[in-house]
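Take a look at the following structure, please.
Chain nomenclature is as follows: A, B, C and D, assigned in order of appearance, with residue numbering initiated at 1 for each chain independently.
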Amino acid sequence: MKLNVELPGLHLKNPIIPASGCFGYGREFAELYDLSCLGGIAIKSATPEERFGNPTPRIAETPSGMLNAIGLQNHGVTYIKEHELPWLAQFDTEIIANVAGAAEEDYVKVIETLNDSEIVKAYELNISCPNVKHGGIGLGVDPKLAAHVTKLAKDAAKKPVYVKLSPNVTDITEIAKAVADAGADGLVLINTLMGMRIDLRTGKPLLANKTGGLSGPAIKPVAIRMVWQVAQAVDLPIIGVGGITDAEDVLEFLNAGASAVEVGAQNFIDPYVCPKIIEQLPGVLEKYGYASIDEAVGRSFRDE
Amino acid sequence: MKLNVELPGLHLKNPIIPASGCFGYGREFAELYDLSCLGGIAIKSATPEERFGNPTPRIAETPSGMLNAIGLQNHGVTYIKEHELPWLAQFDTEIIANVAGAAEEDYVKVIETLNDSEIVKAYELNISCPNVKHGGIGLGVDPKLAAHVTKLAKDAAKKPVYVKLSPNVTDITEIAKAVADAGADGLVLINTLMGMRIDLRTGKPLLANKTGGLSGPAIKPVAIRMVWQVAQAVDLPIIGVGGITDAEDVLEFLNAGASAVEVGAQNFIDPYVCPKIIEQLPGVLEKYGYASIDEAVGRSFRDE
Amino acid sequence: MIMIEDAVILTNVRIAPDIYRMELKCTMKAEPGQFVQVQVPGTYLRRPISICEVTGSSLVLIYKVVGKGTAIMAELGPGRSLNIFGPLGTGFPIEAVDAVVLGGGGVGIPPLYETAKRYRTKQTNVTVVLGFNQADQIFYADAFEKLGCTVKIATMDGSVGTKGTVMEVLKTMSVPMIEACGPLPMLKAIQEAYPAGYISLEARMACGMGACMGCVVKDQNGQALRVCKDGPVFPIGKVVLE
Amino acid sequence: MIMIEDAVILTNVRIAPDIYRMELKCTMKAEPGQFVQVQVPGTYLRRPISICEVTGSSLVLIYKVVGKGTAIMAELGPGRSLNIFGPLGTGFPIEAVDAVVLGGGGVGIPPLYETAKRYRTKQTNVTVVLGFNQADQIFYADAFEKLGCTVKIATMDGSVGTKGTVMEVLKTMSVPMIEACGPLPMLKAIQEAYPAGYISLEARMACGMGACMGCVVKDQNGQALRVCKDGPVFPIGKVVLE
């Protein structure tokens, strides 16, 4: 069965993409398997300058999930362009550069730096990081701010721009529509839900940053619901993400309306999860009667 | 150790309350244990008239949690007043009447009907049910609408009014503040997160209602975060709810800022969970160095 | 008395493709047609499974592997303990009749076994009509025979007995009183064809004890009935089957 | 080579209060001071546990029951398989020295065992200083002795050996080169007192392989180092301990 998916700027040989922040720049996973098997790779968020990120502990376990508060640690976009991207060029897979920042201009700076990199095929705007504020409000939770940064990014970008949305909002379709109207080429949803754990021994939040982003199977029902809502509200391709662990989860996202998916925290639980899913996917599609990826996309709300 | 908690209208002998919709009116659980051991009971949402609720399937399993779309099935407030409340009067525990409706007036009607019932000690406004709309927007996700229904309820009510908030919002503190300003006596948080599962065999949403409310351990980190945020933003007692399975979870909610807790879906997994927690709680409080419930409340953000 | 119990697995063996028989050592007693809610390790909600037989010191469950929970159950070896909650629901009544027909399709068959046993204790004539897809999926026909029941079999592919569903066999018989469990289409056909008897339903459940309203069906007057508490067994004609 | 393996539990026994020794049949090889990420059934994240001994056909882990995951591990019987990922991280170097001191506190002791073994193979003089809270918590002192190490013990209550921490013993000795693992205060004291040697750190981990940046510490220049990949063993003086 052909698994390839054509999206703006991305010729994915299959719909499986490791999610940003859960795969670094692929170096560690390349010791385990050939990254050329992947549909694409969403690399760790890049900011204009180097960031150390948050103090530790940055990780906490939760039922069927985890909290993280890494805080966008990275060496800055120039370092990434010079040291990580050329190394990634050896693999036959589509590189998506996840773009983040502390202010709107930061997104533009990162994009301008990466525009002439042949290896980057598309941008993924991370407007959903709870640590990044604009006038006290996260960019990703206000439709006007989200649309504005999308527009700035689109104006600067020489490659397609996907916008990665925050699930911590009252109405995800409102944000999705605003971003679509501002010219986004695609959407990625969802980023992490904001959560907290308290360390009973101290009575204080376990993470140094206090709150963190919840990911893993626990959030899958929320992600499926949001993909389903947005797929019906907006005419843009969606990359689904949140709690995927196997090929059946992938099919659930496709049915909900996603055209491709990203796999996040499961890479920590089973470092071979992406190649495993790619192997299982044709069998699972067949089992449920699909002859192609396309047939499965949006099945949940399409009349037949 | 004394476990009693004093809240507006409620003299709880301990902070453990089965959550609305997860305990019916106690009849089935009374076959298993003496309900007088409970701090209180939040009975199933009452509406002015009988409601059948949603079509089935209404239940789906998720990783460390479940979705439900019961749809406020109940016999209507008059039936409840005449048939359920007198039966509940035999138990030495505090009854909290959960109030719901399809429109603002419905809340007022239910409250007016129950005002002269001696057995009801407080109201819990369920403004968070995703099925109830007002001009297309859930009451619980708009600060103005939430404040307005709270005010109407307060004006009608002869007992304290707790407002149960929806977690499906961008900023829970904004709703909490609005409701506090409108005169609420306390807050209950959280209700379920909106989620979905797709049945791969059909490619369609598994629940007849399509979306459902996510509850269980999966949502605990979100509930803890929201209790922690609201406890610092608003000067009202909070009843915490979301994913509680044992006495350590209860302590986590107390540390986050809750004064008491409700236990929901875990009643389905272990029907004896409430008495078990009540038994374990003194030992757990002692283990972590607390001499009373009060010492634990809000520990996570209090300076010592 | 409804209770919760850590029951020890005595045996857990495959008796047909994807069909397993598990015997659990426990003190729980039950009526025919009642069920238990099984806490399968690694899953969240409990799984409702009918009680197939009550021996006095053990319960027998027969289950089909259809998803995550039943797949995990099939892996559990003897000696492991399994937390069960029950007995739950309203089962098959044992009525004072001379003859009864028990109709079962696939994993609707297990609850009929204890029912047959109780009827046989009262010397009632029991005819059991069992439906399967094909020959290799047949189970428990011999067990019913040992109880002294007349056993008739229908297979969809006609490889054994009558070709077709349980209904094909029933049509050829006189059916004064029927108690049945199986797939919804079978129960619908029985509810339409026969005035006297009982059918046992399935529903997705959370609490399994009547508290959550997750499992409701409608009666002829539009009133809600809980499959877990008011059922799973209902008199023919009571419930609207959709 | 980093790999993932379903290792079969050979033995899993309590060797001191809350301390268990588990031997796993597997093909994985490892260097001293490396660790594995254990997938404990019923938990989400893997648990990092140091490799205590590499026998060739098995790995030995020693772990303390401190929370949910380790409590479940302690319940697992022989024959069960456990999924492990490793070997991970940068371990203790085996340097060309005449004598080495190995300092371990509590569950910091396990990784020192394979380290001692490798040093003894090279005939290096090994003095092991082990710290415990009290007499009944002592484990592995005899095992180190059997390797031909000089073993010195410190207990907080003075019930065996020197009263106090590992530092009390170290103060009385010449320490040309030290390799240590244990609680943070102990590692801080060692990093301050001695210029030459290595310390092994702990951190909350997600990936355990260097990809997520969950486990970072800062070096003296403020640069991030990953405990799971650049460590867990770092040269004394490299990392800022907070």
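We adopt the following convention: a residue touches a chain if its C-beta (ideal position, glycine included) is under 8 Å from a C-beta of that chain, and two chains touch if they have at least 3 such contacts.
No experiment lies behind these values; they were computed from the predicted model shown.
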For chain B and chain D, chains touching each: A, C
Chain at maximum distance from chain A, centres defined as averaged CA atoms: C
CA centroid of chain A to CA centroid of chain D, Å: 36
Length of the line joining the C-alpha centres of chain A and chain B, rounded to whole Å: 34
Chain centre separation in whole Å, for chain D relative to chain C (CA means): 55
Chain A and chain C: spacing of chain centres that average the CA atoms, whole Å: 46
In chain D, residues with contacts to at least two other chains: none
Chain B: positions in contact with at least two other chains: 62-65, 216
Topology of the chain contact graph, where touching chains are joined (line, ring, star, complete, other): ring
Pairs of chains, among all present, that meet the touch criterion: A-B, A-D, B-C, C-D
Partner chain B, residues of chain A touching it in the complex: 62-65, 67, 141, 168-171, 193-198, 200-201, 203-205, 210-211, 214, 216-222, 224-225, 228, 243, 248, 251-252, 255-256, 288, 296, 299-300
Contacting residues of chain A [partner chain D, same complex]: 21-24, 27-29, 31-32, 44, 52-53, 56-66, 68, 70, 73, 216-217, 265, 267-272
Chain C residues touching chain B - in the complex, by the definition given at the top: 2, 4, 39, 43-46, 85, 203-218, 222, 224, 229
Footprint of chain C on chain D - complex, ascending: 41-42
